Amino acid sequence: MKKIEAIIRSSKFESVKSALSEIGASFFTYKEVKGFGKQATEHVTYRGAEYDLGYIARIHIEIIVANDSAAKVIETIRKAAHTGEIGDGKIIISTIDEILSIRTSKSNESAL
Amino acid sequence: MKKIEAIIRSSKFESVKSALSEIGASFFTYKEVKGFGKQATEHVTYRGAEYDLGYIARIHIEIIVANDSAAKVIETIRKAAHTGEIGDGKIIISTIDEILSIRTSKSNESAL
Amino acid sequence: MKKIEAIIRSSKFESVKSALSEIGASFFTYKEVKGFGKQATEHVTYRGAEYDLGYIARIHIEIIVANDSAAKVIETIRKAAHTGEIGDGKIIISTIDEILSIRTSKSNESAL
Amino acid sequence: MESATTISQELFTTNNLWILISTAFVFIMHLGFACVESGFVQKKNVINIIFKNTMIPAIGLLTYAIMGFNLMYPGADFAGGFFGFAGFGISTDEAGLTSAYNPGYTYWSDFIFQGMFAATCATIVSGAVAERIKLVPFFIFTIIFVMLIYPIIGMWHWGGGWLKVAGFHDFAGSSLVHSVGGWGALAGAIVLGPRIGKFVGNSVRPIPGHSIPLATIGVFLLWFGWYGFNGGSVLSADPALLSLVFVTTSLGAAAGAVTAFFTSYFMFKSYDVSMVLNGILGGLVGITAGADVITPMESIIIGGIAGILIPFSVVFFDKIKIDDPVGATSVHLVCGVWGTLATGIFGEGKSLVSQLIGVGAIGAFAFGTAFLIFYILKVTTGIRVTEDYEERGLDITEHEMEAYKI
Amino acid sequence: MESATTISQELFTTNNLWILISTAFVFIMHLGFACVESGFVQKKNVINIIFKNTMIPAIGLLTYAIMGFNLMYPGADFAGGFFGFAGFGISTDEAGLTSAYNPGYTYWSDFIFQGMFAATCATIVSGAVAERIKLVPFFIFTIIFVMLIYPIIGMWHWGGGWLKVAGFHDFAGSSLVHSVGGWGALAGAIVLGPRIGKFVGNSVRPIPGHSIPLATIGVFLLWFGWYGFNGGSVLSADPALLSLVFVTTSLGAAAGAVTAFFTSYFMFKSYDVSMVLNGILGGLVGITAGADVITPMESIIIGGIAGILIPFSVVFFDKIKIDDPVGATSVHLVCGVWGTLATGIFGEGKSLVSQLIGVGAIGAFAFGTAFLIFYILKVTTGIRVTEDYEERGLDITEHEMEAYKI
Amino acid sequence: MESATTISQELFTTNNLWILISTAFVFIMHLGFACVESGFVQKKNVINIIFKNTMIPAIGLLTYAIMGFNLMYPGADFAGGFFGFAGFGISTDEAGLTSAYNPGYTYWSDFIFQGMFAATCATIVSGAVAERIKLVPFFIFTIIFVMLIYPIIGMWHWGGGWLKVAGFHDFAGSSLVHSVGGWGALAGAIVLGPRIGKFVGNSVRPIPGHSIPLATIGVFLLWFGWYGFNGGSVLSADPALLSLVFVTTSLGAAAGAVTAFFTSYFMFKSYDVSMVLNGILGGLVGITAGADVITPMESIIIGGIAGILIPFSVVFFDKIKIDDPVGATSVHLVCGVWGTLATGIFGEGKSLVSQLIGVGAIGAFAFGTAFLIFYILKVTTGIRVTEDYEERGLDITEHEMEAYKI
């Protein structure tokens, strides 16, 4: 089983979500995170003093898939989240030992 | 060392927390996340237009344990988070290279 | 490629951030999480009833690095986040399969 | 106040203007209640409490126009009685718009000032039953309580009924408004039972409110509105009495804050802002029955004792496992009763016995009827949401909305 | 009202005091608008709407001092006309500060009460164009709208112009203030187009507001301020008329809440607090044109129909793909027109024909000029922020600030 | 104003009513301060600032009743003096409740209106020392400042003391209230030192407030309350003067908003809402000393200059490393001094020299005593929380509570 983590632009979340559901991968977990990267963070002012907001608001998606669907999911996310501008984000793939469904106690492919 | 991630119903957090502390596993980290899955998301209305809230509020627990206690922790979480209704969530187990205590600089078992 | 997760005191975030940028590791993602550990959680009162807040507010940093820079990054975080008091937090290191840049489609070292 | 025949048009205009401005002040108390109660509930039940507290003044004004006003002020024919009714609807002739009606106000001013008061008692209840009551049964309760129970009790004293004759004194409603609401709150909290997880075994698990700034805005708006609540109850702009009422009201609130601060510090060893906020409200409720007949020094004593009562009362209701998320019973019932009795103790020419009779009669009737209504609703429509709804929160389940997207 | 020559200094003082207190009440409506509009927009555009709604009353007061007041009240020379101007700036002689100017108020009171009204119509527009309009063009629109369009239309009726002569009746501004703002809102929403993602194909994607508590505070403050808006429009403290206006205003709002509740429940099967809040505002707008000439019972009917119109109107504008984030057109335009017509139907001695003429003329002029201004701005400076700015939100992009650090 | 012997009961009633309504308006300023200051601090210190700003008016009213009132208005025996005292407590005879006391108000009205003012200066200080001061020492400071320092300075001018004789003019307190608070704020900020991390080397690290909507609500409520602050200072409902004061107050605030907008735009190239909000407050503070003796046009100039001063002042205090989280010194001290001087420049028959003497004497005494109190507290009880407390926030550490559960 693979865990795919994608750190994407908040503004691209809707399109990634629908792209994923089109290929049938509509189960996942996400949260709002803050990112530093090559993209300059927002430049803001408060009471006359300028400063960097210090981060870019991003969405972190976590999705567990069977080994053979991983490539397709990765490609789908990459395409849907792509703008070509600095700040598009990263996809991180790792191997997990097991995923277990709390409801059914089944594991791996049958847990999904 | 194993990393156990559990994505559970927010309403089950208290019972998972006390179940874990009963078996002595009272060190962990958690955050609020949003999940998509088989459970239909909340159906809401705003100014006359219906829509899906688009997610279910969930809690994501992350707990690092020694290999030999993993099975017990997993089973404890599974039981405490179980309702049998769609939407109970998943437990994801993976192997980590190392855990390091910032305070003591000790690693693995002795870092916990 | 290594994934380094650090769960640190919120109050140490600024110093970890600058320490990382000094060694050139200025790309990462973070979020606010809540932690249980040996450190007693805040003791609070509400309308005459005392209770534990039930958690300590922490920052969870996630940073992907090439294998050979891992040690340096880990040591940098450890030093910058260290106070010696209970509650300093943990650093978790694991091996990932791959990191992919959404913008360039390059992977691993060249994705960073 | 001069008699109706001799008052000048100038004074009548000023008096009437003050009653109307007071009406607007009392109106803002509804926002005060909405803010206090929504601030003290969990994030997941905010829409629900706002929905109730927005509908309540609307329901209150309309039912008061339909029959409340004529139940509460049935006229001289029912003087000294227990019940009277002057017919449905509101209307007046030309004379009703002059000082011939009353030297202090026109018929319309009378109606709207009293009508704005009416809904207050239901709003008090909504706080105590928050986070677990079903919406429709609550509205049924509200309508009955505001349209019938409140005006009937009000008639006993302000409408010239038997309590008036018995020498009872309740200037602006420590009993007639606040304790009536408080008794309803108590009845509701008992019939409903506590929120899930509030009492586990013998321990009390606090369920903190989601926004203290919101609750603070509410308390200050209530204090502000109280200048109309007590000030308008002078029923004219009479300089001597009105200025006394402003002073006693202000000092009562201030004293409540200070004593609640010290008492809660000694009890809990913390600077608990929720206690100070409730202390202010307790002081205001306490001062309301006698604001016209006590001295400023006495107002400090009465408000100060109210502020001391608050933390004890909150702990007491927790101990007997009555779950009142916003402290409505402590503020409105306990301090309402205290204020009414204090008027018998301190008020010149007032009798503690009459006050006790009033407190007892009002308590029996308000608590009894409220308990009955809630109980009948419980066994018919049901009054409590399901466990699942309660855990997920009423906003998503009953209103299909979230209060915040932050 | 007695004539200027006979009124006593006492009555004059009371009348004038009421106008000034009303001014403060109307002022607080600007906070009400700021809260409603910021509560109903997304978190990322909160600073932007607050910025606008803070600048608007400032701009409104200053431009009204510079020329608005003298455009709206050019004096008897222009009676029955379409346009008049009494010169730049404000000033008065001694007599302007006595009842010789007017039995109800001094010259300064007249100016400041009217000036506080002036900015309201621009505030209404800001809600409808929220989350996507550029700041500077919006301010240019505001200045022209408040300094020229609003006073010219106001002159037609309140300034003694042709609509006055035509028998038109708009007591406190259902048309002159609210529908003028509503027409501007409609023009702006049309010229700008909908927010990205609001209409996808044939489906409507709701974009929920970020804080319902904030919106609720706003609605209650507006209701509170309305006592000054309508009450002050009596232009004296006359007890009979003023107390009637308080009653009709209150009951209209209450009826709007109740009918919006039922209508939206039957339409959407949910207890939608945003509809109830808009229902209250609709009731208030609806009652404003005739608050002085209808009975309390009629006020319930007028406010109640306004509350029914609200959910239908919201759905209608969604259907024709006009995106109005806060419902300004439904509240101010639809209910403003309804209130004006209702005055012709219910108001004693009022003519529906005159009301129709007024509604038509005001609509044509307000919509036409607003559309023109927005259109010219669109093709010159541009009025819409870039897609990137819209997605990231105007707070970060235009103001370099965030509304919350929670 | 007619003399006491000739004023009619009607005018007396209206005058007195206005003073009491003004009292309620001034009361709401305390909510305004609470909102502004809590909005401009970090989320972790919200309970703390709310706690202070809730206790301050309570403390202020009680200490003013105990001795403040009789220190500030010791009576004719001390005319022209530096210090006087008429004994502890408040009380009056029958005559004190008639126009024999004063044609504008009763004794009780006098006390409560002045008492509501009293706490304002301590509230101003609380903003400047926010996020790092210990609670108990702050309350000790507050009690001394409100019970002694403020009334003594007030006596110099309003109590008929030496500044009165010297021809000093401060209508409603640009100096007596705002600059006194501002000097206290400056002293506190200096003795305490900046928050951790505010000044790093030569650079200023902004620490943004946690809720701009909350701060905005506060600013609007302050503007609203100012109608009572300045309007009530007319000490009667005199139509000519009162309406002028409403106009100058409104235009001063509006001008402050507009010039702060432009100035901050030119300085920082951004539309900074925090500057506009402070600009409004600066305009209001600036106009307060002369609101009764200047023309509307002059009020625009005075308020406009105040709005220009704000951004420069904020930057200046940052440069000299005085850390004032909410900008209290810029708003209340800088604009308070400016307003006092402006009265000497523009006010008919007013002398700039007298104004300078007043500004100097008040500054020396207020800053000197405040510095001394803070310094003594620093070396005795300590005034600053530990670094650990400051980093974790005062809400959790001093109050064991969190402001939000969102």
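Labels for the chains are A, B, C, D, E and F, by order of writing; each one numbers its residues from 1.
In the analysis below, a contact is a pair of C-beta atoms (placed from the backbone, for glycine too) under 8 Å apart; a residue touches a chain by one contact, two chains touch by 3 or more.
From a predicted model like this one, the values you see are computed outputs, not experimental measurements.
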item: Shared chain contacts [subunit A and subunit B, defined touch]; value: C, E
item: Numbering shared by both copies at the subunit C-subunit B contact, with half separating same from different; value: different
item: C-F compared against B-E, more contacting pairs; value: B-E
item: Distance from the mean Cα position of subunit E to that of subunit C, given in whole angstrom; value: 52
item: Computed distance of Cα centres, subunit F from subunit E, in Å; value: 33
item: Residues of subunit F engaged with two or more neighbouring chains; value: 8, 10, 14, 17, 21, 208, 211, 217, 270, 272, 274, 400-402, 404, 406
item: Residues of subunit C whose C-beta touches two or more other chains; value: 31, 45-46, 94-95
item: Every chain pair in contact, whichever chains are involved; value: A-B, A-C, A-E, A-F, B-C, B-D, B-E, C-D, C-F, D-E, D-F, E-F
item: Interface residues, subunit E side, partner subunit F - complex; value: 8-10, 12-14, 16-17, 20-21, 23-24, 27-28, 30-31, 34-35, 38, 46-47, 50-51, 54-55, 57-59, 61-62, 65, 89-91, 97-98, 105-109, 111-112, 115-116, 135, 211, 214, 217, 398-406
item: Residue numbers on subunit B that touch subunit E, as the complex places them; value: 45-51
item: In the complex, subunit A residues that touch subunit E; value: 11, 14, 42-46, 53
item: Parts of subunit D lying in touch with subunit F, wherever the complex brings them together; value: 8, 10-11, 14-15, 17-18, 21, 25, 42-43, 208-213, 216-217, 219-221, 223-224, 227-228, 231, 237-240, 242-244, 246-247, 250-251, 253-255, 257-258, 261, 270-274, 276-277, 280, 296-297, 300, 404, 406
item: Contact footprint of subunit A on subunit E as seen in their complex; value: 197, 391-392, 396, 400-402
